[in-house]
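Lettered A, B, C, D and E in written order, each chain numbered from 1.
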Amino acid sequence: MLTLTSLTKSFGQNVAVDRATLNFDRPAMIGIIGRSGAGKSTLLRMLNRLADVTSGTITFEGHDITKLSGKAKRHWQSQCAMIFQQFNLVPRMDVVSNVLHGTLNRRSTLATLFNLYPTADIHRAIDILDRLGIADHAPKRAEALSGGQQQRVAIARALMQEPKIILADEPIASLDPMNAQVVMQSLRRIHEEDGRMVIANLHTLDTARRYCDRVIGMRDGKVVFDGTPEQLTTGMAREIYGAGEEFSEAATSTEIETLEQTAAPQRHEVKAAV
Amino acid sequence: DDVITEFRIGILGGENAQDRLNSNECLRAYTEEALGVPTKLFAPADYNGVIQGLVGGTLDMAWLGASAYAAVYLQDPDAVEPVLVKINLDGSYGYHSIGFARKDAGIGNLEDMQGKVFGFGDPNSTSGYLIPSIEIPQTTGATMDSGDYFGEVKFTGGHEQTIVAVNNGDVDGGVTWADGQGNWEDGYNSGALRKAVDAGLVDMNDLVEIWRSNPIPEGPVVLRTALPADVKEKMTALVDGLHEADADCAYGVAAGDSLGFDPITHEAYVSIVEARKAKSN
Amino acid sequence: MAELTAHIPRDIRQVYMAHVRQKRLWSGILLILFVVLMVSGFLTANSRNAGGFLNGLPNVLDFPSDVLGEAWERAHLLPGYLIKYLPSLIETVNIAAAATLIGAVFGIVLSLLSTRGLAPAGWAIPIIRRFMDILRAVPEIVVALVLIFLLGGGPVPAMIAIALHTMGALGKLFSEVNENASLKPVEGLQSVGARWGQRMWLGVIPQVAPNLLSYALLRLEINIRASAILGFVGAGGIGYDLRNTMTWGQGKFDEAAAIFLLLFVTIIVVDQISSVARDRLTHGRAAS
Amino acid sequence: MTAQTLKFEAERSFSRKRLVAFGVPALMIAYLTYIFFSFDIAGLAERASLKNAQTLVADSYSYKTHVERDNRSGEIKIAIEGERKGEYPSGTAPSWVELGDSTRIDLGGGHVITFGETAVRYEIPDYGVIRADPGRGGVNAILPTEDVPDWISVSKNRLAVTTDAGRLTVTRNRAEVFRYFLGWELFFFTLDSPYHGMPVSELAYRASAGELSEILNAIWTNTMWRHNDVAWAIFETILMAFLGTMGAALIALPLGFLAAKNFTPLGGLRFAARRLFDFLRGVDGLIWTIVLSRAFGPGPLTGTLAILLTDTGSFGKMFFEALENVDGKQIEGVQSTGAKPLQRYRFGVIPQVTPILLSQVLYYLESNTRSATIIGAITGGGIGLLLTQAIITQKDWEEVTYYIVLIIIMVMVMDWVSGWLRRRLIKGDEGGH
Amino acid sequence: MLTLTSLTKSFGQNVAVDRATLNFDRPAMIGIIGRSGAGKSTLLRMLNRLADVTSGTITFEGHDITKLSGKAKRHWQSQCAMIFQQFNLVPRMDVVSNVLHGTLNRRSTLATLFNLYPTADIHRAIDILDRLGIADHAPKRAEALSGGQQQRVAIARALMQEPKIILADEPIASLDPMNAQVVMQSLRRIHEEDGRMVIANLHTLDTARRYCDRVIGMRDGKVVFDGTPEQLTTGMAREIYGAGEEFSEAATSTEIETLEQTAAPQRHEVKAAV
């Protein structure tokens, strides 16, 4: 259903994504890993068309979406929700409004300027919040919520879009381990229950292993690994992260259990790896 | 103070500031030569600037309108003394306040103006306010308050603005000054209407005269009373003889053709002073 | 080690002394330049003025005492005048308020169109900025006088003139505020396929609204003065009445004083209200 | 809370929000509607004068040459803009006017006007010939057609014809032709200058041959445009802004200390200083101008003092607010060394407030350039006076345009200069906050 | 040489320093400890005459300085330098100028207003900076320096005053352990090499123990301990800090070694104690 062919993005001299060719034939939960600067964010931003493609093509269900613009582009964006590391909510507005922003593409500009959302949408927004366990915060301002709660609001906004694909750019990087777990579990549940495709950039190997059906590894803009979590050996991981012998799984972990086991001495390594 | 270190001449509005300074430049040069002190010209934006300058003693000489002279006199009778007045080509020293309106508005006289909008010029203008505000009520038998006889009475700010306002229809009728000589279609020989016609601002075919005042005495050239006597004498002689000495310069200073200047005293303006007093609270 | 530390300070001393000498030289030059500019400027202004500074100083109070003297004599008429000129005052305030409203609305649009990162057309940014510079550079009085010629006297030319100026001034200030707004919400809205208007209205405006409102209030304060001044050149409102009574001089000073009182009180009241409101907007909200 | 009650609450909150979302614009529209009627904007369309607009626009980029005949004496006068200083010496004429027994004026495009002995003839292509024979009994105009087109205005004593080529008016005393040309007339050289009408290449050659100063002098002393006076006027305006702003800053600084809570323990003194600031600010610069012009008369000094008074109020307020926000630690640090009070202010306070004060002062310098333009129009100084007078006279629109362009440039340059100074003098501050 | 007799300072109802009587007969390095609000700062501020005395007297070398005012007071302040927790430098001025502020009392007002200091003074300032190891930063603005460096500039300013007494109000409270050590060592060296009296408010017991010849303990405005570091037992310390059995020395420590020994678990306690 989604095919990337030789997808490339360069910023001047710098090639952020280098001839990435990938094929996704059914909705799956996909994790993209790679170290900082590998091109993960850029790849997702091209998929959502927040960034323009330098060369190559993206096709979805047979339609070429590489060069869409104006209305057609916005329509595509509405089908392809995006979740950001920093949540990117409107902090001064309440939670329900933020979730309702997921319907913006479907509603006329004028109506949304005056907050004229259909009651059915409002109800659905609350149902989604309820499903994510944060309905109680519905009337609060987004900025009043904790990071993990804000990220769930962002997921709710994505669900509100009724998207075919959900893109998540390091959705748990700004969260503490406890909240990270809740957010990843929500994404997994959405994938399993609604059958939506989820592509998540992940920061840490073990998260990718635990939640994803398929893992893609990027290094310097190139796709260097594409397989099941089981195929992802420590050797492979070393190659993706460009690390030497000192590399240990735990160094990239954010799982609560792992953290508690290795405690203090690990902190320095985490920093080095990030 | 018996010696002066500089001499300051104020010039009244009515023309482009630059042009005013320009046409009085020769007078400045003659004054400098006659008095032997640096001489400066000042062209404030309105009558009030010159009036304040004379009352405050920061201007030594000016050519005022009759009403402006009265204003100075009323604020401080000892501030200035009138010395000369301009003589018209026909030997008279007066002009008229002319009421006019647009022909196509169907207004031909003051009766037609009843309930309409009437425009004065500057409050300190003799022909643009003082005289008409006294003489028109004598004709209409009503006051000049808005809503009494006229529907509304406004100040447009000056002669030029009155003409444009009437021509545009912002006000139905207004007053301005003219010498009343020559032909209406030329805007008379001199005055604000003539200037507007020359500038191509109005077509006299579109306008009609609806009222005319009794002759208004031309304003005096005044000198600051506190000036040393010899300075006053020299300046009076200079301006008096200007027409003979340099006709071109006199044309510029008098803003048009004239027979030059003749001596005058305060007595000529007593009635104007009274009129102005009457208009004060 | 000891030798090393022994000559380091000497070196630093020289470097620092050079630094100090240069600084002294520059501050000396700047100071002298400033003093020379001020003194020569003052002397020039003084010599180009009709009355000199020293001669005029003792007479500074003449005019106010004339006005106040007359106003005092006829103080009983004062309440009547206040009522008589109230409609003019309302007109002046209306000119300012309408111009501020219109100017602020257009200012917001212009600012969004000229903020990097928000503008839909990047190439248009410098054009819009220059346009706003020009709107700001033209004094209101110029536009008003030209418009009076075209549209006739009355409040409209003043309103348009002030609105144009406000547009330029607020547009610039607003775009500085916008620049500090976080782009994250905007990107978030973009990712759901929101149109430009929606992104701005929902993503930017809520962030910047308190600051915009505070600047608009400050502008209202400024515009009330401007509107009074424009009345002076024939654009209606209380400035027009003030001019007509003030220039008449003795005989109508009592009215002039009454009008002045109205205007002064209005300016002070608006000033105080707006400064309290602005304080609330920028500090009060930020804290919560 | 159940999802049901939450939904209900959300609905209510959204209706509230809609109320605000509609209410605020509705209020704005209601207010503007009120303004629409109270300012009579509907009536404006009638009053707006399209013809004035045309005059204005046309005059701002073109000029006219008058050819005028006195019908009594038969004397012909040719003058640019009809002004004395633009008059052609008698017996000379521009190339499109042929002097002689009868004067032939070629307006171009086939429009030809002939002044005969007494009669005036105007040949208009595609219309015909208009004749007029002004005399005691009127202008005696004869038109080729029965009905009068709207570009001809004719009465017994006056005939006015306006065409694209030019304008003709005939009255009993005078016959006058105006021909319009593009450009600003005599902008560089007046008619009496030897350089008038000289091609640029020739001018450049002469300039290089050592006549540069004469050429520049001719431009500088041009009597029509008076560039030297205009330059003085601009200078006077900037002078008023500069002196007023800087003087106000110098006076407001010590007064600001008097008004600041942390420097003046005496409540009465503080109160007096603050009310003084309010008063100075509240009485606008314009009023100060009027008040001061009695004592100081017209001129730039009066304008300067007016700006100075108003800004002392504005600066005083800003300064004392800045002073009340200073950090006491630095002052205490200096104080603990046994520094004298003046030294305490110098080192504990001044370095903290300078960047704030300086940037405000420089910002005002720019905005005061605009104020000085307006104030100048009242007290009689600077470019403001030239401009307002040119507008009020309502005929010299090319000069108005010239001044407006100069004012815009002046304000933009001041804006740029003050911005540059702000950056230079306060550089490196970003790290300080 | 310095005697405080029944020195008291009250702020309205609140008695900040309560009849403190102390005698210092020779230049020593003295540490004052006590918990927050004990009156340490107030005591020093009275000594420097930044705060006025409510009752009691301060005499120095036979002169009563309790009621000095004007010139005499400023002269006393110039002899009795003060170092603050927040450094209290002029951040926008360069380091040398800040140090030169130590000479303000001696120089004419007019000259200093225009920053005109004698060259000899400038040289001496640089020498002092050199002694404290920060001469390299001489031309920089004070705000560009790190906390420890700024505190050394403050010490340099104090030395520039050539004071008989140096008062230091929690000179190391805003510094990290590394910088704290450098600053305390500087103060100690000044005491030892120049023979100046140093009185320092200290926050932590072990610093006082390590650097001071004599320790004074304050509690609720009263002097409750006055003796050598050796006399300062843990029981005494408990009394000064008003702490219970759970009190441990390390809880107030900022020494580098101590920190490393006890590592992570300690951090919470430090916060609680401060």
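Note that a residue touches a chain if its C-beta (ideal position, glycine included) is under 8 Å from a C-beta of that chain, and two chains touch if they have at least 3 such contacts.
Computed from a prediction, not measured in an experiment: that's the story for all the values here.
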Third chains touching both chain E and chain B: C, D
Innermost chain, taking as reference the mean of every protein Cα atom displayed: C
Of B-D and D-E, pair with higher C-beta contact tally: B-D
Cα-superposition angle relating the copies chain E and chain A, to nearest 5°: 170
Length of the line joining the C-alpha centres of chain C and chain D, rounded to whole Å: 18
For chain A paired with chain D, centre-to-centre distance based on mean C-alpha positions, whole Å: 58
Rounded Å distance, chain A centre to chain C centre (Cα mean): 47
Interface hub residues of chain C, defined as touching at least two other chains: 48-51, 56, 59, 62-63, 149, 152, 233, 246
Residues of chain D whose C-beta touches two or more other chains: 47, 49, 52, 290, 293-299, 377-378, 388, 392, 394
Contacts with 2+ other chains: residues of chain A: 97, 113
Contact footprint of chain E on chain D as seen in their complex: 329-330, 332-340, 342-343, 346-348, 351-352, 354-355, 428-429, 431-432
Of chain A, residues touching chain C in the complex: 48, 50, 73-78, 81-82, 84, 86-93, 97, 101-102, 104-105, 109, 112-113, 154, 157, 161
Residue ranges of chain B in contact with chain C within the complex: 8, 10, 40, 42, 46-48, 51-53, 56-59, 71, 74-75, 122-124, 154-157, 161, 164-165, 168, 170, 276-277, 279-281
Residue ranges of chain D in contact with chain C within the complex: 28, 31-32, 35, 38-41, 44, 47-49, 52-53, 56, 236, 239-240, 242-243, 246-247, 278, 281-284, 286-287, 290-302, 304, 370, 373-374, 377-378, 381, 384, 387-388, 391-392, 394, 400, 404, 407-408, 411-412, 415
Interfacial residue positions of chain E with respect to chain C in the complex: 96, 114-116, 119, 122-123, 126-127, 130, 135-136, 138-139
